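Have a look at the structure below before the remarks.
Naming follows writing order (A, B, C and D), and every chain is counted from residue 1.
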Amino acid sequence: MIAKTPDNATQPAACRVRIALFGVTKDIVGQSEISRTLPQPATVAALLDDLKAAYPRLSGLSSLAVAVNNDYADAAYCLRENDEIALIPPVSGG
Amino acid sequence: MIAKTPDNATQPAACRVRIALFGVTKDIVGQSEISRTLPQPATVAALLDDLKAAYPRLSGLSSLAVAVNNDYADAAYCLRENDEIALIPPVSGG
Amino acid sequence: MIVLTDQPIAVADVIAAVQSDRAGAVDVFIGVVRNRSQSKNVVRLEYEAYEAMALRKLRELAAEAKMRWPVEEVAIVHRKGVLQVGEVAVVVAVSTPHRKEAFEACQYLIDTLKEVVPIWKKEVYEDGETWIAAHA
Amino acid sequence: MIVLTDQPIAVADVIAAVQSDRAGAVDVFIGVVRNRSQSKNVVRLEYEAYEAMALRKLRELAAEAKMRWPVEEVAIVHRKGVLQVGEVAVVVAVSTPHRKEAFEACQYLIDTLKEVVPIWKKEVYEDGETWIAAHA
């Protein structure tokens, strides 16, 4: 009898993502890009929690969204290592 | 005892006005300006009645206003010989 | 800038006329001669204006817009005479500190212009012509 | 025409980009750098864009406008980099058969641009600077 594959067999235990920073988030973090290692499942919500813990001033922003592959991603979206990820503080174009 | 001045003593019995015509009213009348002689009181309403009797196709317009001295005049306005008068058919600028 | 002209309208000049360091927003409406109207092919347009009254009414509209909204500058330029398809018939430009008022004032100006300013448009088709009455 | 540029915006070129023989109406919104903000004198602005996403979002907005209104053409040009007071930061131009839709679509585009497009404005004053958050 073949052993059942565990649910997490196809994904590593952690996910390393790179995050592009713009505007005030770049000033808060002090870099235009950072890497973070997140436990699975590496959701958008988990990334925001991780970053707000590491950089508490991010919590003071009136909004903070995450973009994945050039579109807004919701809190449950699971990040992958090759995703193009960016923090989106309150925008002010126009 | 001094005789009371009749009410119409200061105005002539009739009023001769010149009317500028534009757009479709110029086509209907066939001239860009006409003169009409109106009995007193020579109101805007009386002018319109006079013109519609003389040029029945004016009655077919969806609106027909009278301008006096470069502004719209209401039906009771009394015209004078030196007024700058124009017929204003439906406008269509823009 | 309140102008009636028989020459082509330079839109950039109309926009430049409303520039102001205090204005963060400019809205510009441009009315252009279409190739189709009344289900017919338009060959050309002819605009006739009662010029003295039209200029007076346009100045009144500009003054009204400045009373109703925090308008910095208003410019209105309207063509007269013969126009070909694609030519600019009217430009209305409004500058305001913020954008909402620019849109409102500009739309008020063109809407009211079409209702009250004594200018008449004759459309010339391949098989006839007609004086247009605004939809009102 | 959907463009981010670090060069001055030629408004006439943006308007020309929406011309169409079927369009009787063009509405153009122009956003200009004001000299006063937050009760301070603005020395200059700096716009930063997340460029790939900003272009994608602008293209989405243009497509949405074309679905919601009978829009012939849309053009949006936004500056990036350093701007001085009086310079044009953004131009939105929309052409439609009739005017009401031109105003609605243009206002929708600039309103939504300010809410969702990843562009950030830093105002530099005589005594400091700040990243602006849109009023939303």
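To be clear about the criterion, a residue touches a chain if its C-beta (ideal position, glycine included) is under 8 Å from a C-beta of that chain, and two chains touch if they have at least 3 such contacts.
These numbers come from a predicted model, not from an experiment.
Common neighbours of chain B and chain D under the contact definition above: C.
Work out the mean CA point of chain A and of chain C, and you get 51 Å between them. Chain D has its Cα centroid 29 Å from the Cα centroid of chain A.
Each chain gets one centre point, the mean of its Cα atoms, and the points for chain C and chain D are 23 Å apart. For chain B, the set of residues that touch two or more other chains comprises 94.
Those residues of chain D in touch with two or more other chains are numbered 31, 99, 110.
Contact between chains, per the stated criterion, is found for A-D, B-C, C-D.
Within the complex formed with chain C, the residues of chain B that make contact are 20, 22-24, 27, 61-63, 67, 70-72, 84, 86, 88-94. Partner chain A is touched in their complex by these residues of chain D: 31, 47-50, 52-54, 56, 78, 89-90, 110, 113-122, 131-134, 136. Of all residues in chain C, only 11-12, 15, 19, 21-36, 85-86, 95, 97, 99, 102-103, 106-107, 110 touch chain D in the complex they form.
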